[in-house]
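In the part that follows, the structures are each spelled out as structure tokens.
Next come two complexes built around subunit A: one with subunit B, the other with subunit C.
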Partner chain A sequence: MSAVAVVAATTDGPRVKRGWKVIVGGGLLGFLALFMLVGPLISGYDPNATDLDARFAGPSAQHWLGTDDLGRDLFTRMAVGGRMTMLIALGAVALASAIAIPLGLLTGYLGGWVDLAVMRVVDLFFAIPTLLVAIGIVGLFGPSFSTTLLALGLAFWPFYARLVRSAVVGVRDLAYTDAARVIGAGRWRIIRKEILPALLPLLIVQTTVLLGFAVLDEAGLGFLGLGVQPPDASWGSLLAQSRGFVLSHPWIGVIAGVPILLVVLGINIMADVLRDRLDPQGAST
Partner chain B sequence: MVQYIARRLLLAVPLLFGLSILAFAYVRVIPGDPVTAMLGVNSDPELVARLRDQLGLDEPWYQQYLSWLGNVLTGDFGLSYRSRMPVSDILVDRIPATLELALGGLLVGLLIAIPAGLYAGFRRGSRADNVITGATLVGLATPGFWLGTLLMLLLALQLGWLPSQGYVPFDVDPAQNLRLLVLPALTLGLAIAPYLARLTRTAVVETGGEPSVAYARAQGLPERTVARTVVLRISIPSLIVAVALTVGFLLAGSIIVEELFNWPGMGRLVAAGVSERDYPMIQALMLIYGVIFIVVNVIAEVLQGLMDPRVRLT
Partner chain C sequence: MTEPLLSIDRVSHEFGARRALLPGRRGHLAVDDVSLTIGAGESLALVGESGSGKTTLGRVVAKLLTPTGGTVQVDGRDVGGLRGRELLAYRRTVQMIFQNTQHAFNPRRKIRDILADPYEIHRLPAPDGRDAALGELMERVGLRASMLDRYPHQFSGGQRQRIGVARALSLGPRLIVADEPVSALDVSVQAQVLNLFSRLRRELGLSLLFISHDLRAVYFLCERIAVLYQGRLVEVAPRERLLEHPLHPYSRRLIAAVPGLGGRDSAEVSTADAPAAAPAAGGPATAAGCHYAATCPLHVQLGRPDRCLTERPALRATAGGSAVACHFAGDESPAPVPSVVTEEVR
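Right, the complex of A and B next:
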């Protein structure tokens, strides 16, 4: 099992007032979205433009967060890198959902040998650490933007599929689905019109939780040098790059992790809020 | 009981079988020919043919699988493409360091997370619970390698309390070995602690709803006694399973922590193996990480069954 499954199974928090959560979570995400979208425009630097006279400059009026070993503006690179990371994370979660939701619906509703076969494959994925699955896939195609997206998507789907499946099993035989069956609704109609809507809250919450993991794992792959490759910036590749001079210029390594922490924190808080609002059964104990 | 243990063990067999198929298939789906990957593109055709024959690449896949599986079961994972040394020899050198780090990390994680999770669970809704849960939320969002970098900068470079990175085998210099272990183990432990704390808290909260707990309260036992003697005791089996589940996360974390602190374990072979396209190495690592996880979880389920008779019925 991986971290995804652990959190998916147990996310719960004490019943605190929700108001501050929305403010903190939404504020963090809004702030970072603004930073990523508008940041490069107001800084006025090209993220990949080098300036060898300004190597390792500290934070200043020209370079708000300083510069790296090639004199590139870190503020701009972090903003642009954030776009890259978020694009990968959103893509990976979309891919995982595209595989897991139909598969979970089918296996949960149909049962039988299809269910058995798919779930054994899922078990197998549970046994290998998610990061190792992703690394293995990077090994097949070579590190790049699209490989990272593919690798994370393929590493995540099993956890999601199992969750969807067990949720389907939970509503499959409830009175209202039986009622639909009695009035002669077909299998597809029941899955689409009766089961899927019942699952929507869970799906929304879980995609949010996965998004946080995708950001962290993109950074993990990047840190190992297996993510987005230089000169392109992503939060993962910035961290990988900062390792080379962490002892002489620790500043870069220190600030490179901050946006990751803030985004994932914001995402997790919003996932909690969504769970409280949409999915009361799965909410706080 | 024996039946329960036997069933748990049997359930692991198809999983191990599937894992072996996956690892075997992995090397077959690589774009390009493994022999070309080994020898390079401009190699002598005769040499290529001989190596293909030697590796049995011209046989049908199921025969290749069976002979490969036979080799793996006797500890032969083939030759590393990179160093031309047997993969198993390389792994044997690396496993002790990884085990040491994993145990150290697990110990740190347990020491932080179990008390925190228990405390939060027992006093659900209290200020302490809010603080612990808040810290868990921040911990879950913190990238492990970044945390490790911060710890290294603070404890090794600023304060100079600890060596920043490196490794000395335990039998060469035990004291230095342990000093070097502190930072990586602390990083790994702090990285898994939020997950463990959450699982612990959930286990306690769920146990709190059991009839036996209500009964103990109805008897007029003080809340302290209820917590210690009833809730904790009933929670232990699920705690064991929770710890086993975090092992997968511990292994993934060790890959990154080893990289960060130059800790010469198996994890460093993962990133190196992928960058160098050393497929036999990646294959062996997948198998080993998977087997460790499966074995740990089977042991946890057996322990759970030993302690909690209700589990044996399912």
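Right, the complex of A and C next:
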């Protein structure tokens, strides 16, 4: 009786857990996406329109999430800022992937001095905290939307490239790549047909995880005043603004911070789900 | 003898050779000055314990490794510097079959795609369409065309090894390097795969470089046997000759270790069966002398002659068709017994 229960529990366990994760993670991301896309339409406010009579209005029927120091509608600003933050995050991850994946494949597969040279550069980046690299790049070009994207992309690639490289090394020496060579497959064909498909689960999961970091680091840069500049809004810059009123009007900080938490949570849960789905053994990476 | 299909000429391979240029580091000499030939349609076995360099030599022949010394020739032509089109032509001449059937196939690709690779890469003609060609290939190795849309993990080890044979055969090679093709299989399945090899050799006139530590499989399939010890060729002889009349003390020990085979002249090999220390890790310290001297019963019997420690034994031909790399082996043996096996199949 109890044995049956145990068996049932162990076979059902992962599936139940996974279902729960999909609902929570997908729900969070879906809800936030909806908020960003249609939020400004249903609120009816211009995100940059000021209304000095309604400064620091708390949440109400007119301003669902209240207003800031210039009376701008926070609901609308958060939705529009979310778009900006997500664009930066997606762009930064795309940039990092575009650099890291080819570089990781090349260094991992070819080895030799190419590997040595690139990995020393990666080591150099590793010696400096990610955010510091990003700050340096922002300092070089001045804060803006595109600089933030560039800064985060350039700060992320070394970590990602090393990950891809080590995964390639693991696959490169398997017998089936030897078999492909014996059949006469060239280097590019082997990378395309044998190695890349094996890395796909890892790449999908890592890209998702990186997205979460990108949202966080955008907020970090914005908080330091190095992100998107006013009057444009991003979650990071909204959080930075809220800092001035954290004692008098603390809810503004809460409103600016909670969506960041939720989106990162949602992304990480989905990354978990993807890892479970794509890599049942959890051992190939 | 006519010109051999494949000749391995003084091939050496040292792992980490480049690193060994730095002071204080030494590479590992996996294959040490080995010369062998394989005639057209001939089947040669490479035997020896693990670490003896037999797999390395097989990979050199399949051009998965570039040897650090020596040359490999096919039809008298050095294949060392082949590139592009010529390398592809070499791939069509020499194919390889791998030991581990679990890892020899990309688990994410269907058998159809895996077997289609050679057709795509070499633009092989398929007069009745590729599907027909792939189906025929499957049937030639005893599988069904309907299995083409399965993934590798849906096959048993023996079936996968058949697919490995099919993949190699698709290019119509003249020589197949088989690296322990049956040692990972169940005994009952081993026989089937060995029979497949034997049939294909008969039907297609294939040459075979059969790498194995299983002397029974070797006896079944191969006409000549080459024994490797720590990267060096110690003896090469026709099958019957080697199994019934091994000359090198190491060959004797190897054969004595197989119950059914060693039994017949157990008296002769009993000394060879003396406790043999495992070879020192990292290989012998010096290239001079005989690698086997430290554990060689003959060396002891002869009162530890210095020659074994200072002079590397060269491979020398003896009566009866054997060639042996030992200063003393064969001198004390009785009159050679005429070999039962024909020397070579042409």
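Definition applied: the second predicted complex is superposed on the first by the 263 of 285 C-alpha atoms of A that agree within 3 Å, B and C clash if a C-alpha of one lies under 4 Å from a C-alpha of the other, contacts with A are read in each partner's own complex, and residues count from 1 in each chain.
What we mean here is this: a residue touches a chain if its C-beta (ideal position, glycine included) is under 8 Å from a C-beta of that chain, and two chains touch if they have at least 3 such contacts.
Given the structure is predicted, the values throughout are model-derived calculations rather than measurements.
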Contacts of A:Gly184 with subunit B and subunit C, given as first, second, both or neither: second
Touched partner set for A:Leu124, first subunit B, second subunit C, both or neither: first
Touching partner for A:Gly225 - first (subunit B), second (subunit C), both, neither: first
Touched partner set for A:Gly153, first subunit B, second subunit C, both or neither: neither
First, second, both or neither for A:Ile135, with subunit B first and subunit C second: first
Touching partner for A:Ala198 - first (subunit B), second (subunit C), both, neither: second
Which partner reaches more residues of subunit A (counting touched residues only), subunit B or subunit C: B
Partner chain(s) touched by A:Leu174 [first = subunit B, second = subunit C, both, neither]: second
Partner subunit C, residues of subunit A touching it in the complex: 174-176, 178-185, 189, 193-194, 197-198
Subunit B - residues contacting subunit A, complex: 14-15, 18-19, 22, 26, 29-31, 120, 124-125, 129-130, 133, 137-138, 140-147, 149-150, 152-153, 157, 164, 195, 198-199, 201-202, 205-206, 245-246, 248-249, 251-252, 255-256, 259-260, 270-271, 273-275, 277, 279, 282, 285-286, 289-290, 293-294, 297
Footprint of subunit A on subunit C - complex, ascending: 62-64, 87-88, 91-92, 95-96, 98-100, 103-106, 108-109, 117-118, 121-122, 164, 167-168, 171
Residue ranges of subunit A in contact with subunit B within the complex: 1-3, 5-7, 10-16, 120-121, 123-124, 126-132, 135-136, 138-141, 212, 216, 219-220, 223-226, 239, 243, 246-247, 250, 253-254, 256-257, 260-265, 267-269, 272, 285
